[in-house]
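Chain lettering (A, B, C and D) follows the sequence in which the chains are written, and residue indices restart at 1 in each chain.
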Amino acid sequence: MSAAVTTSDLVAWIRAFRDAVHQQKDELTRLDSEIGDADHGSNMARGLDAVIAKLDVAPASPTELFKTVGMTLVSTVGGASGPLYGTLFLRMGPALAEADPVDAAALGAALRAGVEGVIARGKAEVGDKTMIDALSPALEAWDSAARDGASPAAAAGAAAEAAARGRDATEPLVARKGRASYLGERSAGHLDPGAASATLLLEALRDALAAAE
Amino acid sequence: MKKFVNDPADVLAEALRGIQAAHPDLRVDAENRVILRAEPTRAGKVALVSGGGSGHEPMHGGFVGRGMLDAAAAGEVFTSPTPDQVLAATQAADSGAGVLHIVKNYTGDVLNFEMAAELAAAEGVQVESVVVADDVAVTDSTWTAGRRGTGTTVILEKIVGALAEEGADLAAVAALARRVSEAGRSMGVALTSCTVPAAGRPTFELPDDEMEVGVGIHGEPGRSRVKLASAREIAKLMVDPIVHDFGDAVGPAIVLLSGLGGTPLIEQYLLYGEIAPLLADAGVDVQRVLIGDYITSLDMAGASLTVVEADDEMLRLWDAPVVTPGLRWGA
Amino acid sequence: MKKFVNDPADVLAEALRGIQAAHPDLRVDAENRVILRAEPTRAGKVALVSGGGSGHEPMHGGFVGRGMLDAAAAGEVFTSPTPDQVLAATQAADSGAGVLHIVKNYTGDVLNFEMAAELAAAEGVQVESVVVADDVAVTDSTWTAGRRGTGTTVILEKIVGALAEEGADLAAVAALARRVSEAGRSMGVALTSCTVPAAGRPTFELPDDEMEVGVGIHGEPGRSRVKLASAREIAKLMVDPIVHDFGDAVGPAIVLLSGLGGTPLIEQYLLYGEIAPLLADAGVDVQRVLIGDYITSLDMAGASLTVVEADDEMLRLWDAPVVTPGLRWGA
Amino acid sequence: MSAAVTTSDLVAWIRAFRDAVHQQKDELTRLDSEIGDADHGSNMARGLDAVIAKLDVAPASPTELFKTVGMTLVSTVGGASGPLYGTLFLRMGPALAEADPVDAAALGAALRAGVEGVIARGKAEVGDKTMIDALSPALEAWDSAARDGASPAAAAGAAAEAAARGRDATEPLVARKGRASYLGERSAGHLDPGAASATLLLEALRDALAAAE
């Protein structure tokens, strides 16, 4: 394997994310039942099915892939997660336009652009009990691994682990963003569903890149 | 799950078919899941566009028609519509005089309408937005996503729809919308959970002797779970925080008591029989009352109370003709 | 039991308080449990009086108002009103031009209205009666108490109310009432039981995967219990027996799909999306559609379908202005 | 004791009926849940409470008593049972107007007038699965006991037994009158609630007359 990630590796990522979401669909909805409105699993599954349907024709570049993914999520998911995940991908695409090869540093920069987009849209900070609680630490872990010369797969592994820790850390938190915030104190004691799906996203990336190595 | 459904994944598309079959005055854009008036917006008339997750019927699709909305975008159950949907509704409804987006304050609704407004602006449509955030159950709104948007939305759509029908321009329409939005307070109580078709089971379990106080309209648990109380006590749980939130004496008001979907009208009337004297005691001068299922949460047993302080203009516009599936009078 | 109630024994009296508080156009005679228009019947106008057990709201009290009923007597939950109540309603509503009693075909309703009519006649009030018996689920009606009266009652009250408002005399009003009554067919399906407040628990137990077909509006079990079916199959179970009962091709029709109290509007629309093509296939020319909770059975999840074959006069009167809490248009 | 029944014996009957209905209220409603609309217990209890409230002033004669009972039931019960039980009493009163003493034969004649009134109103026959299935055999048993010279208490005992048998016989029947008839074949296998309350009526009479002996 080379340290360069191909477009088809990234397509494999999206497919793996779709499969993971389908497998965890009921669990994501269950988490959203506890502190939300019981639709996060079906929202994400619906959107990713639509994405997969668009991937029959192989995209020419990461930029094109992420544009398709982002646009499709925005136009099929709805809810809070639709614009947020959509923005994540829509911002990742342009960040990779010039990247050659797509190495760990380039992917990390794209991820950063994506997460910053999510923050700009959703105005959430770490600790607000949202997907940001998984995405932000993942980003830090990625960057530090990449600085240490890790391969994309290894960086993704570190990011996935950090995301999972971030997800778990949402449990005791009182939500300050999203509909879980309406529960006030009662939102504590439950994992955030968006942090859970974001962890699946990073784990899917780790698995896709590991398989490609 | 005991529901009139086929495949839970098709609930929205199939409900829209029924709406189209039942209402020749409406046009359903099945692809975009948008409900429009059958007649295009009159040239020069500002268009009102709303939308949100489904499961709150008759809101919003049932409020499309003369004197109220021009179009509504219907998201999946409890899921705000996508920007594409809202854009389609916006473009179809615009007559050139601009469009008011009426948005309930949920992260998903706000973000999707925001993106739609950006897209519409890029297409040359003038868009103003009003965000309704009237749910007094949410007390720590400064540090969070803010209050939820609930019953005031219905009253706003009616009042502002009447002004738009009179030919007011976008600035005036948006200004009134903000005034109504600020004048409204709501509070909801649930006796049972609801069941989201795609989830197939109740969103939360509630013991036979407990209820949820301070719920929104998405089947989420409320601010607190307390012992099941009598209608008299529940009325107090609804009226007190609203009156308290108004602070000063409330003036003339429009009151909406909405069932949440699983509570029959006889109970709603009984509850209102307890609410009315409490409002009177608190000095609320109730000028208009609407009781029934207007903003619902699927099959949840429960009710929400909305009080909108209404000046003469608002009352006049409230009484103006409206011809929609959900509200109809004067024509 | 999860309901907005205080003491179950007070449900009716307290619900009437709420009705009075909500509707200044109505006058509630609390002692007799009668709901009247606030304005006395115009001299020379035939009065329409109906009534029945409570728990079917908005029927009948919610149909009192201009263009529909003049008075409604409200019995206890699922218990027809007493002759005294009906007599009080009749005397209060009579302007001298006579009174039409609109009675649903249940032994209790028929007997109590019969006694009331005798008493009213003794007091010099001219009374005619129409008994609605439209429920096609009851097939052996020759040997029994006959068919139940359900949804056709709502459509009848609207159409005949409009004729009375035009000043027709009692004979003409009664004749039209009989025509509408004969032109209507209904069929109901329940997904759950309802809970009578005084009983405190569901009238019947229904497993999660079963439903009742051919129910009335009093929470009684239906004609048969079958496996829970899809909306598509249920639509067929409702449409087929109605169409079959009409026999020949049905002409222009008014269709009512009513929720039974615990079924939200989104499901009613979805179900109607399945019903409409079946009606079209059967040659029913649907001219008007009403969907929502109009004739209910407390908190029962379920729906009833009513088809009334309507001639031009009936359609014209259907479209005439009506101003009641439950139905309102044209004014 | 004499064979003459006093007005206060009959008041005791009505009180005993009221007490029995209250005791069996839930059971009557349960029976009505099976094949009706779950209100027979509350209907009868409500009506008899209203009757008792009217009996504070002792009625001067059986005729006056039964008029009060009948009128009150008609005006407070509603449903099918209100007019039917009301008619029963309204017709019994006049039949006793001339009776002196009120002996077994006179009471039997009054009962017959009452039951015939119920039949005239409700058009039910024996076998239709209604209160008539208890009332008609009770009447026959009363008459035959009275012909054999039985005391009122003994006649009432025979009538109560016959009513209970008639009530039990409703179980296999398919209802042809009242709302149970809407169930068609499904009405079989359940006791008729009105036949059950009518049996309480006769049993209360038996107990009141036995206590007076």
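In this text, a contact is a pair of C-beta atoms (placed from the backbone, for glycine too) under 8 Å apart; a residue touches a chain by one contact, two chains touch by 3 or more.
Note that the structure is predicted; figures quoted are calculated from it, not measured.
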**Request:** Spell out the chains that contact subunit A while also contacting subunit D.
**Result:** none
**Request:** Could you please state the distance in Å, as a whole number, between where the Cα atoms of subunit A are centred and where those of subunit C are centred?
**Result:** 54
**Asked** For subunit C and subunit D, what's the span in angstrom between their mean Cα positions?
**Response** 32
**Message:** Can you compute the centre-to-centre distance for subunit B and subunit C, using the mean CA position of each chain? Integer Å is fine.
**Reply:** 29
**Asked** So which stretches of subunit C touch two or more other chains?
**Response** 77
**Item:** Touching two or more other chains - residues of subunit A
**Value:** none
**Those chain pairs that satisfy the touch definition** = A-B, B-C, C-D
**Message:** Going by the contact rule set out above, which residues of subunit B touch subunit A in the complex?
**Reply:** 53, 75-85, 106-108, 111-112, 114-115, 135, 137-140, 143-145, 148, 196, 198-199, 203-204, 216, 218-224
**Message:** Considering only the defined contacts, which subunit A positions touch subunit B in the complex?
**Reply:** 29, 33-39, 42-43, 46, 74-84, 121-122, 175-179, 181-184, 186
**Request:** Would you pull the subunit B residues touching subunit C in the complex into a rising list?
**Result:** 2-6, 11, 14-23, 54-55, 57-58, 62, 77, 191-192, 208, 211, 228, 230-232, 234, 261-274, 276-277, 289, 291-293, 296, 298-299, 301, 303, 323, 325, 328-331
